[in-house]
Structures are given as C-alpha cells and as structure tokens.
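Take a look at the structures listed below.
The same chain A turns up in both complexes below, where it pairs with chain B and then with chain C.
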Partner chain A sequence: MERPLTKRPLIRRRTLDRIGLLFAALVMVSPVVLFFLWMISLSLKYEIDNGAYPPILIPENFAWSNYVQVFRENNFFLYFWNSVLVTGAATLLALIIGVPAGYGIARLKAEKAAIVIMIARMTPGLSFLIPLFLLFQWLNLLGTLWPQIIIHLVVTVPIVVWIMIGYFETTPMELEEAASIDGATPWQVFRLVALPIAKPGIVVAFILALIFSWNNFVFGIVLASRTTRTLPVAVYNMLSFEQVSWGPLAAAALIVTLPVLVLTLFAQKQIVAGLTAGAVKGG
Partner chain B sequence: MATVTLQNIQKRFGAVNVIENLSVDIADGEFVVLVGPSGCGKSTLLRMVAGLEEVSGGEIRIGAREVSNLPARDRDIAMVFQNYALYPHMTVEDNMGFALKLKRANPADTAERVKKAAAILGLENLLERYPRQLSGGQRQRVAMGRAIVRNPQVFLFDEPLSNLDAKLRVVMRGEIKAMHQRIGTTTIYVTHDQIEAMTMADKIVVLHDGNIEQVGAPLELYDRPANLFVAGFIGSPAMNFLNGKIEEGVFRTEKGLILPLPAEVSPAKAGGRPLVYGIRPEHIRASDQGIQGRATIVEGTGSEIFAKLDCGGEQLSCLFRERIDVRFGDTVGISIDAKQVHLFDKTTGHRL
Partner chain C sequence: MASVSIETARTETANKRSKPNRLAPNYWPFVVPALIVIGAVIVFPWVFTLWMSVNSWTLGQEQTFAGLDNYIRLATDFRFWESLWHTLIFTVLAVVAPLFLGTLAALIFDAQFPLRGFLRGVFVMPMMATPVAIALVWTMMFHPQLGVLNYLLSLVGIGPQEWIYNRYSVIPSLVLVETWQWTPLIMLIVLGGLASLPREPYESAEIDGANAWQKFRYLTLPMIAPFLMIGVIIRAIDAIKSFDIIYAMTQGGPGTASETINIYLYNTAFSYYDIGYGSAMAVVFFVIIVALSLVLMMVRARTNWSDMETR
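Here is the complex of A and B:
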C-alpha cells in the first residue's frame, strides 16, 4: 500500500522538473528561433506587408514569388556552384593539410606551432586582403575561383588543425605504441591506427570548416568578380541601389543557409560526440 | 625464443635518475616477473626492453642481437598492455592479424595462424566482434592472442590483470601461466601484485627505487629474503618487524619482549648490534603457554583467523590456520616457530 503513495509525488516532481527545464531552454534559444522565424516570415511576405504596423508574422497571402524571383533574376545556380567549388576545395585541402598537421603537433607537443596557426586566424582578414589581391592580380588568377579557395584556407585550416590537435591528444598513446610494436612504421601508425580512430574528430572538423567557409563574405566581396561570386556575396547584391527588397533577400538568405542547416542537423550527433570526446574517455 | 640480457641499464628523465645501474639475465623460455611498488621503475624498464622508451645508458640484448638502439618494430617482441590497447576500429580477427598484415604475410597463412591462436584462447566465436563488444576478460585474451600470433622472441606484459575484477584476475593468471607452459616463449611480466609474482614467476626480480633488491625463485624470496624491503614486500599479510638486540642467547625487543632465536644464529657474532627481528604472521601458532597478548583486531575468513595482538607493547600480526575461539580484548597465548625467524641488521637492512 505504501508504494503508490510515495511514488506519486516523485512523478509529479519529475514532470515539474521537466517543464522547468523546457521553459529555461526555450528562453535561452528564443532569440535564435525568433530571428529565424522572422526570416521565414519575411521571405513569404509581399513588400506591402513588410512595413505594416502592427507587424504581421503570418501573411494572408504567401509570396512564393520571392523565391521564384531569387532563382530567376540572379544567376543563382552559377553562384551556388561557385560556392560549392570554393567551399568544397577549401575544406578538402584543409583536411589534407590540417589532419596530419594536427597529429604532428599533438604528438610532438608543439604548442608553439599551434599558436602560430591560431594567430594567422586571429589576424583580421582585411589586413592581408589587399596585398593578397595584388598578388593574385600579379599571378593572373583573378577571374578564377583560385584566389577565393586559397584565402578560404586561412579560415578552414586553423579550425581543422585545432580540432584535430584536441582529438589526437585524447586518443590513447598505447594504441599507437601497440601498433609500433606490431611492426608499423610511424606513417603506418598514423594511417592505419590514429586516422581511423580520429574519424569523429575529422567529421566535426569537416563540418565546422564547411560552415565557416560557406558563410564567408569578406573575402568574396573583395576577390570575386561578376562570374566568380559565391552565395553570400550574391545575397548582398540583392540590396539594390534604390530599395531593399526584403522579401527576395530573406528568401535568398534562407536558401543559402539551407545546405549547411541540413548538413548540421544530419551530423549533429557526430558533432556532439566529437566535441565531447575528451570528456568521456571510453575504452 | 631467446635470452634477454640487460646490462648496466640506466634511465634518466631530465635530472631525475629513475634507474641507476641495473643488470639482469633472463634465460631462454623463462617467465620473469618484475615486481615492486609504484614508481620503482619496473614499467619504465619494460618499456625500454620494448623500445618505447630510450635507454640513457647500458645495453639490451635479445638473443645475440643488441637492440638498445633499434625501433620497437624491429625488436621482434610482443607486448600486452594494462588497458589491452586493442584497435577499436578492427575486429578481433583483424586485431590479431594486424602484425602479420604489416609484414605482408600470405592472407591464408595469417588466417590460419589467427585461428590457431583463437583456439588456444577460446576466442573462435568472437573473431567477428569488435573490442567494444567484448568483456574485460575477453579483451585480455584478444590482447594475448595478438601477441601469440606474432610468434615473437619475447613476450612483455605490463600489469595486464590490473583492470580485471578479483575473480577474473585469478582465472587469467592461470591462463597466462598455462599459455607460457604451452608455448614456452621467454616472458617478462610487470606487476605490483606480489601474489601474481609468486604464483606465476620462474624468477622474480624485486625492484625498489630503480634498484634490484633481490633476484630469485618465488619460494627463495619467501624463505630467505635478502633484506628488510623484500621481507616486507613478499608475503601477505606482511612480516612482523620488531626492533631489538640479542642478549644472553635470546632476542629482547626495545619494549622488553623476549623472543626465541633460530639455532644457526650465533649470539657472539650478532650480539650487541641493533637488529630487526622478522617473523611472518603465518609462522606464529596459538599456544597455551608462551607469550601472552591481548587481541586488538580479529578478522576471521573461515579458512583462517587474522589477529593483531598487543604483547607487552609490541604489535604482532598472527595468522591462525586452526579454528581458535578468540574475540576482541581476549588474551591469547602464542608460540613462535624459531626456525622461521629472520634477522636483519637494523642499520644496513641486510639479512644476517
């Protein structure tokens, strides 16, 4: 008889806890959520609704034409393809350079090298953009995607290196020692043991590098010509001289965000696992 | 299989001398246990033999080869780590065949050898599994299998049983010993557990602060410990030590307790000097006459009774095999088996 009596308050307590937690979480994420909702709302409203007071969140008529306009009026697919090429190349190159670099720095405990790489990241991009612009001009690379790919490495390589340093530092040394006793050369130890174990870390590094590169705006606005624009630059160009067309702008921004958003949702589990790898060291 | 010779081995980490000057000879096929408290340098020594740690001075030979400057991969040794160090992204079969794959051995031959090793260790049904799907004991066996498949000249074990629970440790202890008896490869085994050392070793090397305290067969160390450290380290519960002197043919402790002496000790030679009287708890018997002591701790395990007695101010640990009725505060009579008494020089710590 006693059991149900003691159990009921416990359940009530738990439900209350859960509601409290949910409320706290909602408060914390609300700025982000509201911002995102407003963007969706903007992209679906006609110009006349944008300036309305009181503001309208859900319009009576959805302006799907905003999306159509994005694809029709701009060379959207070209810019999308440019973005794919620049981000793809910059991310892949960063992995090829950054993963072995991170391994080397972690194993040799070369913190100074890691800090030098970090400084390259901390230096404001604008400070070296002009010299680089002149350099690319001299190399006759302007008008191609290469200047953007190369300069995006400034963003992607440090991310990859730093994440990989953290990851390799947490992988147990004994595994590599066991491999070297088993007859592996240092290169084989890296390729056959360290690298496969670091896969979650590589996924995290890949996704973060991808997001930062995809959203980069400053380098594109300076280095891109009319045909080599990436998506963020193209969105900026929706702000025309006479007026800001909020609807198409929001629609374009959403379309630009979408690939990264989908990828992040898809790989969310991996990211969390990768970022907390150091905290819980599983056997 | 091969002999292993360590000659004047030194190891320094910066200014710290971990191992000063250490020499050991290990015969072909011998099972040698390096034992000592934490920080005595036993693991460092093993890692130097493996090639995972550089030698600061001296020579390591495996068979006729001098290997001190060879990388680990060229030493033809296999090592079992404390946390097993199984490759988490490989199946049991791939883990065990990894070394052969690196040597570009014939895949059919590799599979054959892996199967044979798996049969020895009872792993046939687990070959397709990943390490995370195995229990602690199974992982331990895979780690051993990985070593067996290689057919190396020397096996190295670095505290391989420390992560297992007490019961499994006893089982695996037997399995490792049985495996050694079956394949007979020279083995160096590091542990801090003296029971493991006593039960498994052909030869025990007791290390303390980077120096060898004694080398010998397990029972030799138990029966004739060379110094106070070995006497206190080998045996559980630990040996009783009582400070005092030999006077008029008996041993008199500082607090005045009189204890019997073994026949071979000549009072003339040892008399007058400060000595330490050592007697193992299991060599003290309950007796109606003899020394009287008050029980301050009584612990019965069924097979034996452990008691701590206060005998005129001296504390004596006793282990009674017979079932005696003793409770906290009771007075118990004991007799000491004089043949089992060890005497040490108090200043040098050496056995008389």
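Here is the complex of A and C:
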C-alpha cells in the first residue's frame, strides 16, 4: 500500500516536467515554424493580400498562379536543371575523389593533410574565386557549366574528405589485415572490405556535400551567365528587379530551398551525425 | 641542407625497414587524385592570389609589378578600416547571440519529452535552408510599411523600425537573420557535449541538495566548456566570412553601413575589377581569419589545461 502513495506524486511531477519541456521546446522552435509558415503564406497570396494591413496569414483565394508564373516567366526549369547538373556533378566527383582519399589519409595517419582541409575551410570563398575566374576566362570556359562544377569542388571535396577520414578512423582494421594476408591488393581491400562498411559515412558525406553545393550562391553570381545560372543566383536576380511582386518572389524562394528542406527532414539523423562530427560548411 | 635531408630520409627508411610491418600496403594512390584536385582548386588559388596581390592590375588594363603598393594602399584606405569595424561588430554579435540561444536550446533538447526528435528536426531546418532564399523572405519581413515584423511589434506596443533600411539598425537586423539561421549549429555541438557527460557527479550533487541552477553552473557549464569553445571557433570563422545573407539583403548598404570585409572584397574584385587590390585584401582577410582561429584555439587549449589542473 505504501508504494503507490509515494510514487504517484513523483510520476505527476515528471509528467509536469515533460509538459514544461515540451512547451519550452515549442517556444524555441516557434521562430522557425512562423518563418516558414509566413514564407508559404507570402507565396500563396495575390498582390493585394500581400500588401494588406494588418497582414493576412491565410488568404481567401490561394494564388497558385504565383508558382506557374515563376516557371513561365523566369526560365526556372532551365535554372533548376543547371542546379541539378552542377550540384550532382560536383557531389559525385567529390565522392569519387574524396572517399578513397579519406581512406588513404586515415590509414596513413597523415594529420597534415587534415590541416590543409581545415585551412581550406577557413579561407573565404572569394579568394578562390578571383584566380579561378581568371583561369576560366583564359581557358574560355565561361558560359558553360564547367567553371561552376569545378569551383563547387572547393565546397564538396573538403566536406567528403573530412567526414570520410573521421569515419575510416573508426572502422576496424582486422578484416582489412586478414584480406591482405589472403593476398588481396590494397585496391581490392578498399573496394571489397572497407567500402561496404563505410556506407553510412558515405551517405552522410553525400547529403552534406549535396546541400552545401546546392545552397552555394557566391560562386554563381560571378561565374554564371544568363543561361548557366543556378537556382540561388536566379532567385537573387529576380529580387533585383524592383517591380517584381512578392508572391512570385516568395514562391521562387520556396522552390529553391524546398528540396533541401525535405532532405533535411528525411535525413535528419545523418545530417546531425555529420555536422556534430565535423561541423563542416564550405565556401 | 641537402645532406641533412638525405640523412633524415635515410634514417626514416631505416626505421620503416626495421619495423616488422611487412604488410603495410601503399596507400598513396588513394590520396593522389584528391591531392591533384585540391592542388588545382585550393592551393593554386592561394599562390595565385599571393602573386596578384603584389601586382597592380585592373581587368582590361596593363598588369604591372607593384611590390607592396596594394598593402600600403589598404593600410590607408578608410573604407577598408570601416569594413573591418563592421566585420568585427557583426562577428561578435553573430557569435554571442547563437552561443547563448544554442546552449539554451541544447539544454532543452537534451531532456526527454514528447515530439523531441521531430521538433529537433524542425529546429535544424534553418541552417540547411538556402541562405539567399531565406534572405529574400527576411527582406520582405523587414519592409518598413508592409513587413510583418513591424506589425508584430505594433501588437506589443513598439513603434515601427527601419531594420535594414537604417544605417544604425542594419547590422543588428542582419545579425538577427544570421542568429536565426545558425543557432541550430551551436545547439547540435553542445547537444553532442551534453550527451557525453558522466552521470555520477549529478547523482552526488543531488545527494548534496544542489538545485538545478547550481548543477548547471558548477557541473554542466565547466564540463561542456570545450564544446562551447568549438562552437565559438566554428561560428566565428563562418560569421566573419558571412556573405550570402548580407549581399542578398543590403549589398553592404545603406551607403556602406553594413559593408563587411567580404562585401568590400567582392565589390573591389568583381564590381571595379581591381584584381590586384582585391587580392591584397583577400590575403589580409585570410591572415585575419587564421589569426583569429589560432587565438581561439589557444584559448581552447588553455581552458582544457586549467580544467585538468583543478581536477
């Protein structure tokens, strides 16, 4: 009889604590939620509703036409495709180059290579841009997507190498040693033993490289021409036309960032793991 | 010099040979492709920037060797010193605010409550969102007449603000956006620190009757200090380089009120095409960032060391 009497207030206190914490977390998260709600709201309102005072959150008529307008008037299909090509190529190239490199550096215990990557992370993106801009001009590559694919490697390669070093340092050596005793070449050991174990790490590196390349803006504004713009540059260029109305602008902003946000929600675990491990961001 | 290096090389090979590690495979082929790429897109630009910084060259004009002229010009350039000052204010604010809020958020998300995983996912979204897209929506929200922020302020009885359209409030307004976006990174780093804390000190503190604040102040805070320092270092490096949000929202304006070094550098190199001067600025900027990182890392090393001593 005694037990329930002493336990009950404790349980009640714990539930109260949890409700309090949930409330605190909701307060913390509210600027994020309100911002994105407002972004969606802006993108779905006609000009008259966007100019209303007091502001309207949910309009009577949804302006789906804003989205149609973005794609019809601004070449957004082309820019979307450009973004896919640049980000896709820069990320895949970084994986092809960076995963073996991370493996090699981890096995060589070459700390100095890691320092180069740390310094690369400190370097402002613009100081890569001046020399490479001149180089691309000289090679007559401006006007194609190649300059952007190449310069995005500045973002993606360090992310992939950094995460893979960390990952391969934690994978066990015993299997690899056993394989090389059995006569496997280093490449076979890597390909058949190390690589399959490293899959989760590769996924983390892939996602982070993808996101930071997709979001990159500074390289695009210098290197992109009318036909080679990526989405962040395209949306910025919409902004500089003063007469453009808010609805389509917000719709364009949402189109640019939606793929990344969806990926963030689905791959939350990998992103959190990757960012806490390396806390890398390029550019 | 040569003989010395040969000597060391010899002893190194001798050491390697004397090790019974006959299985050690050759790992260099794995690294070479990345070395080539890093050499081309990272090391080559460093060297080239250094070379350009001692040249006088505006695109379309003759290139001449200028020695240290660009650096002397930089030292006497009022606009550069002003941008340095803006960078300093922006960086300090954009480190302190996320540090405070991120730690608070981490303490909350470290506990157990319903919907924790989902809410943490939502909280992380800003730092993954495309900065330009975010900046665009904030610009609309900051609009003095039609913006939603002034409306929200009016609900609590505060008069309309000019936000990014006023030279005194522009930097704090930009910091607000930066804080909104990067608080989650600090939260994740500190959360990692909190997860690694041992249970025992808290149990004995509870027996001694310590309250929640005392437990935080005397147990949690000292133990997560190294993680806070990592957060400060990473945040400082990112904040000092911040470009997308500032450029997309104000382009350094009104006037030059929010022109940081990075924005001035961009304008010099890609609006005025003054490549030589821009390169000198890039070199100085790079040195500032490395110096800042070194100072912070030294502080971090010292913090750890004094912790060890008190224990």
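What we mean here is this: the second predicted complex is superposed on the first by the 231 of 283 C-alpha atoms of A that agree within 3 Å, B and C clash if a C-alpha of one lies under 4 Å from a C-alpha of the other, contacts with A are read in each partner's own complex, and residues count from 1 in each chain.
One rule holds for everything that comes next: contacts are C-beta pairs under 8 Å (C-beta built on N, C-alpha and C of every residue); 3 or more make two chains touch, one makes a residue touch a chain.
Source: prediction; values computed, not measured.
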In the overlaid three-chain picture, which partner chain does A:L16 touch, first (chain B) or second (chain C), both, or neither?
neither
Between chain B (first) and chain C (second), which does A:W38 come into contact with in this model arrangement: first, second, both, or neither?
second
Of the two partners chain B and chain C, indicate the one touching more residues belonging to chain A.
C
Under the stated touch criterion, which partner chain does A:Q188 make contact with: chain B (first), chain C (second), both, or neither?
first
Under the stated touch criterion, which partner chain does A:V262 make contact with: chain B (first), chain C (second), both, or neither?
neither
Applying the touch criterion given at the start, work out whether A:V68 contacts chain B, chain C, both or neither, answering first, second, both or neither.
neither
Counting only touches as set out at the top, which of chain B and chain C does A:I115 meet: first, second, both, neither?
neither
Please indicate which partner A:S180 is in contact with in the superposed arrangement: first for chain B, second for chain C, both, or neither.
both
Where chain A meets both chain C and chain B, residue numbers:
177, 180-181, 185, 283
Seen from chain C, its contact residues with chain A in the complex are 23, 25-31, 33-35, 37-38, 41-46, 48-49, 52, 104-105, 108-109, 111-117, 119-126, 128-134, 136-137, 139-141, 145-146, 148, 151, 180, 185, 188-189, 191-192, 230, 234, 237-238, 241, 243-244, 247-248, 262, 265-266, 269-270, 275, 278-279, 282-283, 285-286, 289-290, 293
Which residues of chain A touch chain B in the complex?
172, 174-175, 177-185, 188, 192-193, 196-197, 199, 282-283
Hey, which residues of chain A end up touching chain C in the complex?
17-19, 21-22, 24-26, 28-29, 31-33, 35-36, 38-39, 42, 50-51, 53-55, 96-98, 100-101, 103-105, 107-108, 110, 113, 116-117, 119-134, 150-151, 153-154, 157-158, 161, 177, 180-181, 185-187, 189-190, 211, 214-215, 217-218, 221-222, 231-233, 235-236, 239, 246, 249-250, 252-254, 256-257, 260-261, 263-265, 268, 271-272, 275-276, 279, 281, 283
Contact set on chain B toward chain A in their complex:
50-52, 71-73, 75, 77-79, 81-83, 85, 87-89, 98-99, 102-103, 131-132, 146, 150
